[in-house]
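The following pair of complexes shares a single chain, chain A, combined with chain B in the former and chain C in the latter.
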Partner chain A sequence: GEEDNTNEKEYKIKYKILEASLPFVQEHGWTKNAISEGARTVGYPGTAHGLFPRGGAELVQYFYVICNQQLAQTLKKETEAADPSKCKEPALFIQGAVEKRLRMIIPYIGMWPQALVIMSLPPNVPPALANLLTLVDDICYYAGDRSVDFSWYSRRVALAGIYKMTELYMIQDKSADFEETWHFLGRRIEDVSQL
Partner chain B sequence: MALAKKLLEVKRRIISNYGIGFHTVSKRLYEMKHEGNASKETHFGFETVKETEKAEKVHSVFETVASKYDLMNDAMSFGVHRVWKDIFIQRLGPTADTLLLDVAGGTGDIAFRFLKYMHIAGKMSGRVTVCDINEAMLDVGQSRAEKLGFSSKQIDWLQADAEKLPIDDASFTAYTIAFGIRNVTHIDRVLEEAYRVLKPGGRFMCLEFSQLNNEMLQWMYDQYSFQVIPVMGQIIAGQWKPYQYLVESIRRFPNQEDFKAMIEDAGFCQVNYENISFGIVAIHSGFKLCS
Partner chain C sequence: MFHKNRDHCRHSGHLFHLRTVQRQHQAMHRAMLIKAPVVPSGVRYVSRSSREIESMIRVNHAGELGADRIYAGQMAVLGRTSVGPLIQHMWEQEKEHKAKFEDLINNYRVRPTALVPIWNVAGFVLGAGSALLGPKAAMACTVAVESVIVDHYNDQIRTLMSDQEANKELLQVIQKFRDDEQEHHDAGLGHGAEQTPFYKIFTEGIKLGCKAAIAISKVV
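This part shows the complex of A and B:
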C-alpha cells in the first residue's frame, strides 16, 4: 500500500546515490567519502552517506549485486538465443560466464583488494557469501544444471572456489588484458572436469 | 566552615526528600499513568503543569544551572557524556558542504566538536549555527568559544525557540539536538520545525537519554539517578531541584520506538536509532527524503 510505495521510493533514492558513487571509487576507495561525493552529484548533501551506516561495505555490496544481475541477464539472453541443436559444452559455458563476470571488475581493479578486505570483515561476511552463492547458482543454472541430488551443492561449491581463486589471481595479474588470468581459469576448470 | 554548611544543607535536603520513602519513584510513576486530566497540561518532570508554564519553568532551570552546566555533566556521567557527544558527531560524519544547525546547543559542546571534526578532516570550511532558547546558556557557550579559540566567523549564536525557529525553509543540511528535546513543551512541533528548515536530503539527528534494555541495569540506573544525582547537584552546584527535574524528565521522555514513530510522523524517512551505553542514551537519525 502507501507504506510500500514510500519504501520503494526510499530504496530508489538509495540506489541512485550508490550508482552515482561508483565513479568516485577510484579516487576515494570503497568508503563513505565516495558515497558523499556521489550523493552530491545527485543533489543531496554530503551527509547523505548516513543513509548507509555500513559505509563502503554497502557500496561494494551494491556493485556486486548489480554485476550479478547484469550477468544473469546476459546469460539468459545467450541461452535463449542459442541454437538448441548445438548446446554449448557446460565447461566452456562456465568458463565464458566467469570471465564475463570478472571482466566487470576491471574498471575497479585498483581498489578491488580493498573491496575484498571489506567483504571479509565479520559483519559483511554473510551478505558476501550470499552474493557469491547467487552468482554461482545463476551460472550453473544457465549452464544447464538441473540436478536434484547432492551434485547440486558440490558443483556450486566447486565453482565458488574456482571463482574466488581466479579473482585473487586477477588482482595481482599484470599481463595484457589479463590473459594470464583467463589461462589460469581454464586450467582450474580443466582440473575440476577431470574429477 | 563553608563545607560544613554545605553538608548540613545536603542533610536537610536528603531528609526532606527521602522522608517520603523509597517507594516514591514507583508510586509517582503509577499515579502519573492514571491521571485523567486533559486540559492543556503537560509534564515537568513528575509534576503536572500547564503547557504555558512549562517553558518558563524549563527556562529558569537552565538559567540556574548554566554556569555549572558543563561541570555537572562531567560529574554526573563521570565524563562519559564527552564520549557520547564524540560518537554523535562521528555518526553524523560531516562533510565539506555541511551547514549545521545545533538546537538547544547552548554551551556549544556539539558545535565545537563539529568544527574540530572538520579541522581534523582537513576541511577548513564548516559553519554552525548554535540555537538556544536561553541567553544564559548561549553566553556560557560564547565565552567558551573565545577561550578555545574558535573564530566568530565559524559559529553563529542564535537565541530562539525550537518550536518556532526564525529561520527560512530549507536552509541547513544537518540539524542536531543533543539532550535538549526532552525539555520542550511540544516535541512534535520541534520535529516539524526541524523538517521545515532542512534542505532535501538533510539529516536530523538527536542524542537523548532513553530507556535501558535491561531491567537489572534499569534498577541500578534509577537508584543512581534518584539517590545520587540531586545530592551531587546540591554539593557541586548548590541546587537540588534542577537535578531532580533532570532525572524525572528523563523518565518522562518517550522510549526509543515511540520517539522513532514521532520522527516518522514529522515526515522523516529512513529513521533509525542506536543505543549507546545499554540504552542510557540513544541516537535517533532521520532524513528528509521523500518530499
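This part shows the complex of A and C:
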C-alpha cells in the first residue's frame, strides 16, 4: 500500500545515486566520497551519502547485483535464441558466462581489490555470499542444470570456487586483454569436467 | 473429528487441468523471473520469488520426497500382501506430486532442500519400519503423516489466500494435493489404522517427527 510506495520511491532514489556514483569509483574508490560525488551529479546534496549507512559496501553490492542481472538477461536471451541443434556444450557455456561476468569488472579493475576487501568484512559477508550464490545459480540454470537434489549444491559450490579463483587471478593479471585469466579459467573448468 | 480440515478454505472443488494452465504460467513466469527484483541495501538475499514462496515450495518438495520414500519402504515389505495395491495407488499419486514440485522448483528458481539424502533414508526407514510392524501399523503411519501434511497444506493455503490472483497457480496445486492427501488419510483409517496397538503413541510420535522435518526443510 502506501508504505510500499514510499519504500519503492526510496529505492529508486538510492539506485539513481549509486548508479551515478560508479563513474567516480576510479578516482575515489568504493567509498562515501564516490557516493557524495555521484549524488551531486543527480541533484542531491553531497550529504546524501548518509542514505547509505554501510558506505562503500553498498556501492559494491549495487554494482555486483546489476552485473548479475545483466548477465542473467544476456544468458536468458542466449538460451532462448539458440538453435536447438547447435546447443552449446555446458562446459563451454559456463566458461563463456564466467568470462562475460568477469569482463564486467574490467572497467573497475584498478579498484577491485579494494572491493574484495570490503566484501570480506564480517558485516558484508552475508550479502556477498548471497550475490555469489545468485550468480552461480543463474549460470548453472541457463547452462541447463535442472537438478533438484544434492547435486544442485555440489555444482554451484564448485562453480563458485572456480569463479572466485579466476577473479583473484584476474586482479593480478597484467597480460593483454587478460588472456592469461581466460586460459586459467579454461584449465579450471577442464579440471572440474574431469571429475 | 478427522474431517474438520476439509471445511476450511475450500475453493469451489473443481479439478483444474494442470497441463494447459501449467504451460501458460510457465511462459508467464519465465518472463517475470528476470524482472529486476527490488534490492534493499541491507538484505541478505536477492531472490526471484519471495522468501515465503520459496520456502513453501522447498518444504513441499521435501515432504513429497519423504512421502515417496515412505511408500517405497512400505511397498518393499507389504508389496505382495492384500494392502499392496492400495499402497501402490497412493505411491503413484505421491510420485506425481513430487514431479510437480520439482517442476515448480525449476520454474520459480527455488533452492531445493539440502537434506535430500537424509530425507530419502529417513522416509524409507519409516515406511519399511512401520510396515514390518504389520499392515495396520503401516496404515497408522500413513494416517499420521497425511494428517500432518493436510494441516501443513491448509496453513499454506491460508497464507496464499492473502493474494489469490498472484498466487493462483500455487494455490490450485496445493489445494488439489491437499485433497489427495486427505483421501490417503481417510483410506488409511478405513483400512484399520486405529486398530494398531499403541495407536495413539505411535501416531503422535510420527507426527512429531514430521513436524520437525517440516520446520527444518523450510529453512535448510
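Quick note on the criterion: the second predicted complex is superposed on the first by the 195 of 195 C-alpha atoms of A that agree within 3 Å, B and C clash if a C-alpha of one lies under 4 Å from a C-alpha of the other, contacts with A are read in each partner's own complex, and residues count from 1 in each chain.
The definition used in the following text is that a residue touches a chain if its C-beta (ideal position, glycine included) is under 8 Å from a C-beta of that chain, and two chains touch if they have at least 3 such contacts.
Since we're looking at a predicted model, the values are computed, not measured.
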Clash-or-fit label for the pair chain B, chain C on chain A: fit
First (chain B), second (chain C), both or neither touched by A:114: neither
Partner chain in contact with A:130 - chain B first, chain C second, else both or neither: second
Residue contacts with chain A in the superposition, chain B compared against chain C: C
Contacts of A:79 with chain B and chain C, given as first, second, both or neither: neither
Partner chain in contact with A:150 - chain B first, chain C second, else both or neither: second
Spatial angle chain C-chain A-chain B, Cα centroids [nearest 10 degrees]: 90
Where chain B and chain C come nearest after superposition, their Cα distance in Å: 12
Contacting residues of chain B [partner chain A, same complex]: 91-98, 173-174, 199-203, 269-270, 272, 285, 287, 289-290
Footprint of chain C on chain A - complex, ascending: 7-8, 11, 14, 52, 54, 58, 61-62, 65, 68-69, 72-73, 76, 126-127, 130-131, 134, 137, 141, 146, 148-150, 152-153
Residues of chain A that touch chain B when the two form their complex: 6, 9-10, 13, 32, 36, 39-40, 43-51, 53
Chain C residues within the chain A interface of the complex: 34, 36, 38-47, 61, 102, 105-106, 109, 111-112, 114, 116-117
